[in-house]
Amino acid sequence: MRSDIRKILEQVRDGNVSVDDALLTIKKEPFEDIGYAKVDLHRSIRQGAAEVIYGAGKTPGQIIGIADSMLKNGQKTILITRISAEAAQIVSRNHPLDYRKEARIGIIGEIPEPSGIGTIVVATGGTSDIPVAEEAAVTAEVHGNKVIRLFDVGVAGLHRLLAHTDEIMSASVIIAIAGMEGALASVIGGLADCPVIAVPTSVGYGASFGGVSALLSMLNSCASGVSVVNIDNGFGAGYLASMINHMSVNE
Amino acid sequence: MRSDIRKILEQVRDGNVSVDDALLTIKKEPFEDIGYAKVDLHRSIRQGAAEVIYGAGKTPGQIIGIADSMLKNGQKTILITRISAEAAQIVSRNHPLDYRKEARIGIIGEIPEPSGIGTIVVATGGTSDIPVAEEAAVTAEVHGNKVIRLFDVGVAGLHRLLAHTDEIMSASVIIAIAGMEGALASVIGGLADCPVIAVPTSVGYGASFGGVSALLSMLNSCASGVSVVNIDNGFGAGYLASMINHMSVNE
Amino acid sequence: MRSDIRKILEQVRDGNVSVDDALLTIKKEPFEDIGYAKVDLHRSIRQGAAEVIYGAGKTPGQIIGIADSMLKNGQKTILITRISAEAAQIVSRNHPLDYRKEARIGIIGEIPEPSGIGTIVVATGGTSDIPVAEEAAVTAEVHGNKVIRLFDVGVAGLHRLLAHTDEIMSASVIIAIAGMEGALASVIGGLADCPVIAVPTSVGYGASFGGVSALLSMLNSCASGVSVVNIDNGFGAGYLASMINHMSVNE
Amino acid sequence: MRSDIRKILEQVRDGNVSVDDALLTIKKEPFEDIGYAKVDLHRSIRQGAAEVIYGAGKTPGQIIGIADSMLKNGQKTILITRISAEAAQIVSRNHPLDYRKEARIGIIGEIPEPSGIGTIVVATGGTSDIPVAEEAAVTAEVHGNKVIRLFDVGVAGLHRLLAHTDEIMSASVIIAIAGMEGALASVIGGLADCPVIAVPTSVGYGASFGGVSALLSMLNSCASGVSVVNIDNGFGAGYLASMINHMSVNE
Amino acid sequence: MRSDIRKILEQVRDGNVSVDDALLTIKKEPFEDIGYAKVDLHRSIRQGAAEVIYGAGKTPGQIIGIADSMLKNGQKTILITRISAEAAQIVSRNHPLDYRKEARIGIIGEIPEPSGIGTIVVATGGTSDIPVAEEAAVTAEVHGNKVIRLFDVGVAGLHRLLAHTDEIMSASVIIAIAGMEGALASVIGGLADCPVIAVPTSVGYGASFGGVSALLSMLNSCASGVSVVNIDNGFGAGYLASMINHMSVNE
Amino acid sequence: MRSDIRKILEQVRDGNVSVDDALLTIKKEPFEDIGYAKVDLHRSIRQGAAEVIYGAGKTPGQIIGIADSMLKNGQKTILITRISAEAAQIVSRNHPLDYRKEARIGIIGEIPEPSGIGTIVVATGGTSDIPVAEEAAVTAEVHGNKVIRLFDVGVAGLHRLLAHTDEIMSASVIIAIAGMEGALASVIGGLADCPVIAVPTSVGYGASFGGVSALLSMLNSCASGVSVVNIDNGFGAGYLASMINHMSVNE
Amino acid sequence: MRSDIRKILEQVRDGNVSVDDALLTIKKEPFEDIGYAKVDLHRSIRQGAAEVIYGAGKTPGQIIGIADSMLKNGQKTILITRISAEAAQIVSRNHPLDYRKEARIGIIGEIPEPSGIGTIVVATGGTSDIPVAEEAAVTAEVHGNKVIRLFDVGVAGLHRLLAHTDEIMSASVIIAIAGMEGALASVIGGLADCPVIAVPTSVGYGASFGGVSALLSMLNSCASGVSVVNIDNGFGAGYLASMINHMSVNE
Amino acid sequence: MRSDIRKILEQVRDGNVSVDDALLTIKKEPFEDIGYAKVDLHRSIRQGAAEVIYGAGKTPGQIIGIADSMLKNGQKTILITRISAEAAQIVSRNHPLDYRKEARIGIIGEIPEPSGIGTIVVATGGTSDIPVAEEAAVTAEVHGNKVIRLFDVGVAGLHRLLAHTDEIMSASVIIAIAGMEGALASVIGGLADCPVIAVPTSVGYGASFGGVSALLSMLNSCASGVSVVNIDNGFGAGYLASMINHMSVNE
């Protein structure tokens, strides 16, 4: 399905690979089937970067099994998101685990040196948004980025945000995280010249509707360069920010 | 139903008014029934201020009829909201009408001198919000307020708003009008120390959902002193702003 | 960002302040950064009124830390909203705390004498709305207002409300709090001549949708002078009511 | 399916009716199949009351066809709802039609004398609700009820409603029709001792959401004895009110 | 506010009552203010029927207090809805309480003999709807009605419903209770000639959205004579059914 | 991507096909790229059945272009859905077109003889649902099925539906089409033993919300064997019904 | 109500059955009324297949009672869905129960040999969807189908799905189960030529809204042959899949 | 507010600029106030790139006025989005305008040579999504990017998408545009290693709810690296894609 097809076709042509083996290769290579999951081995091999296990709804046993499969296939760094302290405790018996409680993230292996274009700023509207922000920040760090945290800079006290104009103006990518009215993304989007990834959070009450209000606000942002990920999706924002921050490096 | 009941009761006790007349007075006095509408005559008499006809869904004939009833009962200034240019044309044949096209407002009678505590600032996020803003501004002016208009100061270009910090800081009441993400109310609410009336507008597309996004954003504002009226309800904001701006005068 | 900028510019011109110090002043002054929060010190200094800590989602330790910072900077009265009895217990070990259980509010320092234009009426539709009402009432009291409580005066038994016509007619501001159908705001708005702040509550079941029904009802109120705050936002209503009730005093 | 089955069974047993005819009777009797519609002939025969054609989405030709079928089967009075003036024009060429423009109702045949327990009160919150109210009122009249109309008695001007306390207190059934916040049903429900049928209307703008706000408000009414029909469903309310008003007569 | 006003006015005229006493009477008579609630004493006195305490969100102490006030004022039968077994246990220490666990209803005093026009049928779509059905049925019984229960007659097994055609055809009022798709109301509405009160329930999962699906289905019923109350509102349906079933008796 | 890959691989191995040609074949074969559309040629070749052009949002010119491409590639019968009379007029100048106005469907080529397992019943709740029903029926007919139409058999007049029990009981697949409360699917699902495809329609007003009420009702159907397609999606239902009706034939 | 009516009519005609007995037969035969439930005995007798008890909201005692009634009436295999491990434990004391924990299904009696047209493929997007998938798979197996499970083949790693192209291409019916964005149904629908039953699951967070996002995605699928059942309704999908897979066998 | 503040402060210190002029500069510089709009002049000067006028809701006269202001201030290329053919006609009388009808975009000035990191792929699910895609593509081109268009590659015919694996695998940024079920973003996100910007479109009917279904689907995408902009927001996607594609160039 990828550009490897040409290579396999050439090997078939040259008689180096049989038709059945070629078929097998196409189907079997990119993941390992361990019953309850099909572990993706593709991306890790190609990129050398961290592979991710989405921990929510998986038992510690399943997480260990998937990690085993990844490590066996040469993965060096594994990021486990949405993993509770209890589950992390159990996993850490099998694998040395760097557990970040606030981010609910466990890390197996080393965090690489920052290597991207510039700095990723992770900003939150309030104190309650910090867990989502930490998920984003740690994800970005594990993928080799330098991260600056700007917490509690919500627009209702604009001076708190403006005091950090320098960091905002010089960022490579900004992750704007807010619940309630979610205006942070628009204001930052208006100040900055770089891509802004907006993360609505489920922080709030009443008409915040579990993050819907912030989500709609962010989708309707008049500022250019703003895009949005799912409510509370700190990982997605951190991963995308890293991707953008490594643009020139990758190519 | 008001404090007049005591007066009527005293007249009944003193034999100055019969039971039947008293009953009649209680029921009949405060409005005139002209079939399709029960014209409220109470507020105008008491306050000497402008009376309002909500023009939407009323025929020019009905508007004229209600205005006739009001004028007959001593009303000096009448504000007709949500009236089309065509309807205004017809009404103006019966009554001298000052028609404000952008605000879709017609005014019968004189606009009083500004008399409130201070200035009402009417701010909009964009150019398309101006009709709602004009409805608010003209309503406030007709009720005796000095109004400053700050249009197109949306948060995506924060410097446009900050350039007017002085007007915002010295306002008596601010009406913050915005569609799309509706962040204007929060930012102004964070800058100002006076009551902020937020008006979501139906300006926008896609996930703005006809003003719902701005409405939710404003309801969730973290800034203190912000309250919200219905989508596109410029009149309601202007009326309430005037009420607040006349607080000390009324008492 | 405020009018202090001129002063700073003048000091720079006169050589009394260096460029770097000026930059620092602009950025640093109005809040203290204590890691998990940026404590706003601006408003308190200017107004001499109570400063507020939104307790929801903050640990007792964080609340104590923020209160410490405020007290250190001269704040006399601190209002802690949405704080549980357990958290209040812990906070009270560090600071003398006046805890109001029903309102879930803790108060550090003295409640000032009432000083506003008139009286704030806090009315509820039912018994279950009382916690929100107490949050509004105590907030208003802590900010220096005289408060009258009218509980359980819902419109389904109109005589209960009409028996209090006098209080309603003579109020300076009214906070109308109701769940279910939320009609209380409209009826009070029709009776009163003062600003009415409507607070929908999450009281109800079925199609009340956690307060959405009341919220929509209040936003659609035909009565003039009614504005709305977020569901269950007693604090916001009390704060705004106090702001309005002090209009003439402030200017 | 009805109690006629016993009769048919007895006829089959007695040999008076063949099995095939019995089957045919069960299937064929209660309606006439005219292709695009299956005209219900059951209710009219049994009750002698008016039969109804829901005109929306039917061509004048289809309406005429259905009316023909009804008249042919002995129906005396036919009520055609939601029929435009244009369609009524065409229908009136075939059948003498009493067309009520505001209610968008056409009547074939005579309106019976009022025969119910008491009076049906049809009340509206505003002037714009009148078309729905007329649909309800005319429907009730055509089914033999005395109707009192109370238009424009919305709760934002409570005295307009209270002036009609007598009519409300002495009604047999009340139909409360309102858009916007829909509070009318609750207030009337609290005043009256009879069943109240609430009809939300699509009158309003912004957060009225085409009648949803009024609908939710009415469903959440705290007043006992209130039930709700679909948005703008004047016919349904009028029909049900007639049913209730004829309770003792029917039995 | 009721027709007693004339009587009071006549007493004032005749000097039998002073103005202040008259004012007092108007305001004070119809309810007792016990702080957390304003106990309505009006309806009970006039009707001699059961008075209702909505138990949800009230402490056992508050329920006892309200019951005390009612009994002190001559109320004979009291219906307490939405009261848990635990609360009922506590209340029963002060008052002899007939507790119906499935309906979550407590009854103080005697259940009157059935006195209405005919029979009230309470039908449910499934077994899980029974608690709501019992709330409706017991409410109707306490208000003096004969009730027939038809449980688990949902439309997906139509023969179960059709087997009870006789009860349906001869009912005075029918309460149709269903969750999930809520089609029961339409089918019964098509079979019956009496008023049908539809009660959506929160029974279901997924796209039933806590009763919204059933609610919408019932509001859109094509059958005439169907009206709807709030989700799970068994009490409201039972009360309204009783009201309709006593139509001819009341007048 | 299909099982043809083996064949191509074998040809590459045998030197009969070059690597580049193989790559080309994989990419190029199953569709023709005509700029504004990628015409799918796969299914038609394999199945010999009708190919479909979704006409909505396509110009007559685009439709003609796609049809040309299909015919050129050997397609015998083409079904054009959601095509207006005007567009059909234009298309018919290039291709002989059998246009079914009510279904808004155009057919190029012959309609095959019915060949499925049994009969497909297409039932509607009302007269206004007929256009959707015709879209479903014609689609099924064009794909080689015998169709029985049962229109206007809504559940509010249950006898109309029960009179057709025979057709329902002996159907191979049933398409149940209804707007408003959408109960038809559940009732038919309870009567029949075959798969029932429910199609909600946008017929209705008020709380029908453009078909949402019927959609939810159908999704919540308690009857087994019922599944749902999009609102107004008559084509999808007809296509799926045909697929099911040809189950044993295909294998 | 079924075709048995003719037989009963003939018996009545021939004097073999009395009118009363005939009436009784029609009403009584197809279910047994055991108070809290009306046990359907019809389908089981006719089909000889498994009968189903929906366990949610039923006590173990009620489940045992219903199973007793079914077994007494000759049912051989009973499927109990949505039954907790605890309830299964209790039921297993009365009946030998094959409990499948992940599917939350209990089976009384034997699972028949697979007898359908072909194979039913049950595919899931992720690991968390497995419980719903097992409910579908076991339901299909109990009704006599061969089932292939393809778990964790979500579209975000397309190669995992494409590696199973053979199973997908040769399936008789496919059940596509996914939460989050629900794209699996569309992609499988595009690959396969057989009916695809889409089951949205409540797996996800944030804007997945408990399965609504997946539900909408599946309803809007552009792929032909896709229909949808309720969120998490694995049973419904398995039952319908079996019905389709036995099409030719049944007729 | 930007880093220019230091420069201004230094000039004030050095006496080169007066305090009043400094204040003026801060407030006045970055935009020109032309009454109905505050034209932003900041970004254009700094970046030398195209400036944008959002044409929706602006009269041709207003557009010309804003363009005049931009050109006067040195802007070379202006992009006017959402401008109708009629408005473009009028604008072109004042300024030479390159109007792209399908994209509803007008361009004043030259389109720069492509200068980014790599190629931007713009893919659509169907033919009807092309206008949004053109808005995105032209926006990207005007900002100096090479764009590849892949139209009508929706997931229901997966081979159409897979045939373009090469373009997808080698893209720098991908814009995935789809209505209906919006699955395209997930599938592309799973295939590609670059940032994917998802644009839901309002294309569809029924339960597509004007793009909400696609929006939710995209927000819930399981594929990493996907973020979302507002419904139909082609411009926003094109602008952000250009920003990302110029990451290394900017720094």
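Read from first to last, the chains carry the letters A, B, C, D, E, F, G and H; within each, the first residue is number 1.
Following the convention adopted for this analysis, a contact is a pair of C-beta atoms (placed from the backbone, for glycine too) under 8 Å apart; a residue touches a chain by one contact, two chains touch by 3 or more.
Predicted, not measured: the structure shown is a model, and the values here were computed from it.
Q: What chains touch chain B and also chain E?
A: C, D
Q: If you check the contacts of chain C and chain H, which chains show up for both?
A: Under the touch definition, chain C and chain H have A, B as mutual neighbours.
Q: Using mean CA coordinates as chain centres, what's the gap between chain B and chain D in Å?
A: About 38 Å, centre to centre.
Q: Express in whole angstrom the distance between the two chain centres, defined as the mean CA positions of chain C and chain D.
A: Spacing between the chain centres: roughly 49 Å.
Q: Could you tell me which residues belong to chain F and also touch two or more other chains?
A: In chain F, 1, 26, 157-158, 162, 191, 206-208, 212, 215, 219-220, 224, 230-231 touch at least two other chains.
Q: What are all the chain pairs that meet the touch criterion?
A: Applying the touch rule to all chain pairs gives A-B, A-C, A-F, A-G, A-H, B-C, B-D, B-E, B-H, C-D, C-E, C-H, D-E, D-F, D-G, E-F, E-G, F-G, F-H, G-H.
Q: Using the touch definition from the top, list the residues of chain A that touch chain H in their complex.
A: Within the complex, chain A touches chain H at residues 1-3, 43, 46-47, 52, 117-118, 162, 165-166, 169, 172, 191, 193-195, 197, 215, 219-220, 224-231, 236-237, 239-240, 243-245, 247-251.
Q: Tell me, which parts of chain D touch chain C in their complex?
A: Going by the criterion above, the answer is residues 125-126, 154-158, 180-183, 186-187, 189-191, 204, 206-209, 212-214, 216-224.
Q: How about chain G: which of its residues touch chain A in the complex?
A: So the residues of chain G touching chain A come out as 127-128, 130, 151-153, 157-160, 162-163, 203, 205-208.
Q: Where on chain A does chain F make contact in their complex?
A: Checking each residue of chain A against chain F gives 5-6, 9-10, 12-13, 15, 18-19, 22-23, 26.
Q: Where on chain B is chain D touching in the complex?
A: Contacts found on chain B: 1, 26-28, 30-31, 35-38, 40, 42, 56-58, 62, 200, 202, 210-212, 215, 230-233.
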